[in-house]
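Naming follows writing order (A, B, C and D), and every chain is counted from residue 1.
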Amino acid sequence: MFSTSKRMRALVASSAAALLLAGCGARAGDDTAAAGSSAAASCVDTSGATIKLGFLNSLTGGMAISEKTVSNVLHMAADEINASGGILDKKIEYVQEDGATDWPTFAEKTEKLLTQDCVAAIFGGWTSSSRKAVKPVVEKLNGLFFYPVQYEGLESSPNIYYTGATTNQQIIPAMDFLASKGVKTLFLAGSDYVFPRTANAIIKLYAAKLGIKIVGEEYVPLDKDDWTSQVAKIAAAKPDFIFNTINGSSNVGFIKAYYDAGLTPAKTPIISVSIAEEEAPAMGHEVTGNYASWNYFQSLKTDTNPKFIESWKAYPNSSGVTSDPMEAAYISLYLYKSLVEAAGSFDVDKVNAAAKAKPITFDAPEGKVTLDGENHHISKPGHIGRINADNQFDIVWASDKFIEPDPYLEGYDWFPADIRKQLTDAAG
Amino acid sequence: MAPLLNGSAQGALLLLAALGLSLTFGQMGVINMAHGEFLMIGAFSAYLVQQVISASDLSIPVALPVAFVVAGLFGLVLEVTIIRWMYRRPLDTLLVTVGVGLILQQAALQIFPSQGVPVEKPSWLDGQLTVLGYGWPLRQVFTILLASVCVAVLSAWLKYTSFGRRIRATVHNRDLAETAGISTRTVDRLTFFVGSGLAGVAGVAASLIGGTNSQMGAQYIIPAFLVVAAGGIGQLKGTIIAAWAVGVALAFFAYWTTGSLAQVLAFILVIVFLQLRPQGLFTVRTRSLV
Amino acid sequence: MTGASLVVTDLRVEFSGFVAVGGVSFDAHPGEVRFLIGPNGAGKTTCIDAITGLTKATGSARHGDQELLGRPVHKIVRLGVGRTFQTASVFDELTVLQNLDIAAGRHRSSFSLLRARRGVDPSIEHALEETGLTGELTTPAGILSHGQKQWLEIAMLLVQDAKVLLLDEPVAGMSQDERTATGELLQRIAAKRIVLVVEHDMDFMRRFATRVTVLHQGQVLSQGTVAEVQADPKVQEVYLGTAGAATTAAMAVVLEKEG
Amino acid sequence: MTKNQESGMTKMKPWISLGGIGVLAVLLLAVAPLVLSDHWLNNLGKYSCWAIAAVGIGLAWGRGGMLVMGQGVFFALGAYSMAMHLTLETAGDRVPGFMVLYDPLAPLPMFWEPFRSTGFTLLAIVLLPVVVAGALGYALFKRRVKGAYFAILTQALAVALATLISSTIRETGGDTGLSDFKYFFGFVLNDPANRLMVYLIAAGLLIVCLLAVWQFYRSRFGELLVATRDAEERVRFLGYDPANVKLVAFVVSALMASIGGAMFVPIVGIITPAEIGAAASILMIAGVALGGRASLFGPALGAMAVGWGQSSLGSTWPDGWPYVLGLLFIVVILFLPYGLSSLPARFAALRRRPPKEQPAPAPAPAELEEVHS
């Protein structure tokens, strides 16, 4: 095999040479290493009559059941903005991408949207995992990502705007509500992924401060519906309240098992942070009487809400009901419009500068929200709703004012400073 | 006590999902990865029946036979169009039906509301049965009863009807059965119809326990196959014991650890068991060579 | 080469209670073509299965001083015991050469397995000549005629350097000429090896058998030369008396005609 | 008997195949970096990783008859080994950020510690799959587990591992996976020159794997493997232990999956349980089936085609992609069990004789038999 091995050797040698040539890039510790974000030149085309925006939602796979609606509402918002003249007189031309419930796909599509389609900003994502997949890519390419779902906080990025609630706008109001009801024992039930795990870590810290005892904590994989074993544990623990951070269709199994075990809102009510008007119908009457903590409810009485509901009901592919993540997605596009118009440019750095320069506001269906230019979150009202027989929510509690976003819980003394420091250090 | 009872119900659901497979996989050697989607079809059938008969007390009893027939017909179509060409390539049926499953899932996602649909349980399943101080949900009792009825009917059908005997004859020796005047084509079709129909029944039971949406079938398929494999190929008795054992193991693991870890442990348990006893709990002794 | 005989003593095989072979003893020596005959279900193939490790058995089957029972199949093969099957089982997708090369391969180091084959092994050439397959070297085995497949199997045993050849109905489905050729082949190779043939074809047996063992219901009914066996009243009774299966009857006709 | 050509035994002249690998090498290593944009080059790198795993699947499934439905397990071993190393490299002497999130004060888990070392990581990528596949394969093959049992067992393992990773969020990143790597063995990953290097390593490894199977297929071992696939018992009667033959092919395919997984991490920048679970493992099979399970190039090119289809069609027609993928499985397996690479042979056969009625040839006798002991 003389000739083969000779050829092999030649191949190995030449590929090694190629690698050496390619590998002359930056190494760890080089000064250029830090360059990262500003290195990528933007290819956004602002010369035409339109501006390209990217929508990135899971249209297939497990999360499609939630994200399709967000995608549709983004389309509606774009249509509305276009009908009223567009952004800086440019019509929105959106590129819809499918994240396919696959986090690497989210990363890939983000890169595609930014470098191939040259969109000015990306809107979408649902799960925290998808956001965490997008984050390094938008930071690397200095893009913009608008994320519309409540999440676990403890994060901020110059390249991400969060229009859903952070913990102090959803979890903490929910805990305050529980405290006001005199709850003494609490059971935590969640899906096994980053949001419930982190949220529950925070809940445990705050519960200690409030004097609420955590009597149990259960996690089930996202794609599993069967909660019977865990609900049996809950029934045995007899908590005053159940804090539910389950996501997706697993909620249906949880509610059914809860109902079956003879647990009732009268004795063992649930407070959820992932069941909204969209999800509740799939649980029928068995969920009635339980609570949810959101910033927006369809039943909210504000000046802007009726129009939002009306437009959505008339929109093709509408689900007929509005919900918090939908509303946050709706806000995100309008917020971007306000930001760009304040900056007078689509340039990412100028948009970020405009966010810091003066408070950007938007008359959202949940009320007038204000953007915090430093942490890129928005102020939100806290609401607790109770599910009625129509699978709508009766509002039973509201925060006395709009809650300023505080993703790192800096205004809360029960959140240990050393942990916060660890987190900010680790986030780099 | 609670884990044992919960586990038995979980096992019963698993058994319902596995029963059809033990027919199509065990008796015919077809590896139908779309079985989970047939289960989903059963669940959606229950929802559709509920749209017609809104009283859920009545609609679920009606939905059971309807789901059986609808899922069975899907199975029949699959058999007639695709599976019939592949009896000599059992491993390839696995891949073909993966494709069928993908298509059915996507179709369901597009046809029905993406969030899934509610299937209301009949009010006569509200409440609990108190067993040694534990309030055992009636829905779980129902699942067990349903599984028992299906097992009883299926084994009686296989044992006492002429069609059942023909199925067994065909499984035993296809060529001989043909020589004896049995239309093996008809037998194949009917077996597949019944096997798929049982998935439909399992779907109705599943719709009462979890969500009814396009993704629901995926969580049952691998555990169901493991149950059939662990029970021993074509062994109804083995399938029953294996399903019950896996269900109870799941419940106890979930009781001792977390729901996530319970899934992993149950899987590992079955995999280790199959390593030790690859032929499953029960085997048919054959003299076949090579 | 010569000397080591195959000695089977009190061989018993049970299938969950059913006794397929109930204490069979016989022996076979190099230089003879030994036949194992009997009606369907007599346990002929089961005997071979037991000797080659395919079926669990009790008793003893020794080749020289090596006990064969209780070893896994491939270990028994490595002791020089090879077999063919009722339905020719060669590797249809491989060529004749590749088939033989694999058969010859067990003597090679595992490292040489990773190299491609260059040239044809002398032992393979010899086996090809012996079986008359030289012209089919590059033919895929799948398209060989039925007879050629059987010969290929025998050739594979030759390159395997098997000392004991257990042949299960080697001439089934062959034409008369092919049978003759096969019989002559067996007589040639039996010079240095033990050849044990399971057969239904009485004509073939009569022409080429050195010694015969007749099995019936898992027991040895009769042993001896062709003439001795045919003269045995017990054999006649079995084949003529209770005419059960069709094959038994057919066999009886053959026997009668010959007798 | 076109079957022979389709299932890969009547060979192309080996030197023509070698030339083909050469052409592919030039295309991947020289032409692609020149003509493709960064984005598509990166995608091609990702497809190459899947292709590496697919080459292994071709070896185990196409030639060895073992339908490995759980290659995600081995993909994961390589991927997570690499990802743990890169995570630690990024975190420096701190505990990785995601761990802090769930349990701010706990130390780094023990099993992470050795992955600080470059040498250990590279060794793990190679040795872990060999050891795991070796032990698993030994247990399964010696007990003669095969066919559907083997397929379902391996698939179940992939599901179990994916669930295990999902449920150990603090130790492994859980469902979110590991991401946000800044460095690759000291090279800054954001630097375009370094990204090109990472791509070239992946593409180069694909070529190396193709060369390895090329040699495998033309060797005696390749013939023995096909013989074992088609008639395992017969091979036993030639004095071989088929379990060992299969074990070698299985271990090599596991190694390739691990290498593919390891390179997937720096190229894609994230690894999650979804990339190794049931669906991902099946997607790897899809490419192999499409290209031609038993051919040399089929698995690699098929995997690349499926990857490309997912990127492009998944973008332009997301609602349709699952249908396309589903139909691909059905049509290819039903009508072209030996994939697109068997088309030339089929056409040749059609020209030679009138078409037969039955739609699909039916090989794979080895699959029919099930476990018996």
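General remarks:
Basically, a contact is a pair of C-beta atoms (placed from the backbone, for glycine too) under 8 Å apart; a residue touches a chain by one contact, two chains touch by 3 or more.
If you're wondering where the values come from, they're calculated on a predicted model, not measured in any experiment.
Graph distance from chain A to chain C, where chains that touch are one step apart, equals 2.
By C-beta contact pairs, the most connected chain pair is A-D.
In whole angstrom, the spacing between the mean C-alpha positions of chain B and chain C is 47. With centres defined as mean CA coordinates, chain B is found 37 Å away from chain A. Centre-to-centre separation of chain B and chain D, using mean CA positions: 31 Å. Centre-to-centre separation between chain C and chain D, using Cα means, comes to 43 Å.
For chain C, residues touching at least two other chains, in rising order: 54, 85, 89, 115. Multi-chain contact residues, meaning those touching two or more other chains, occur in chain A at positions 60, 192, 219, 221. Counting partner chains per residue, chain B shows two or more touched chains at residues 106, 218, 258, 260, 263, 289-290. Within the complex, the chain B residues that touch chain A are 2-3, 6-7, 9-10, 13, 106, 109, 113-121, 125, 127-128, 134-135, 137-140, 206, 208-216, 218-219, 250-251, 254-255, 258-260, 262-263.
Put simply, chain D touches chain B in their complex at residues 67, 69, 139-140, 143-145, 147-149, 151-153, 155-157, 159-160, 163-164, 166-167, 231, 233-234, 278, 282, 285, 289, 319, 322-323, 325-330, 333-334, 337, 358-360, 362-364, 367-373.
Across the complex, chain D is touched by residues 4, 7-8, 11, 15, 18-19, 22-28, 30, 32-33, 35-36, 39, 59-60, 96-98, 100-105, 107-109, 111-112, 115-116, 128-129, 132-133, 135-137, 140, 152, 154, 192-194, 197-198, 201, 219, 221-222, 416, 418-419, 422-423, 425-428 of chain A. Chain contact summary for the complex, chain D toward chain C: residues 1, 3-4, 7, 9-10, 14, 215-216, 218-221, 223-224, 226-227, 230-231, 233-241, 363. By the touch criterion stated above, chain B contacts chain D in their complex at residues 25, 29, 31, 82, 85-86, 88-92, 94-96, 98-103, 105-106, 110, 218, 222, 225-226, 229, 233, 258, 260-261, 263-264, 267-268, 270-271, 274-275, 278-279, 283, 286, 288-290.
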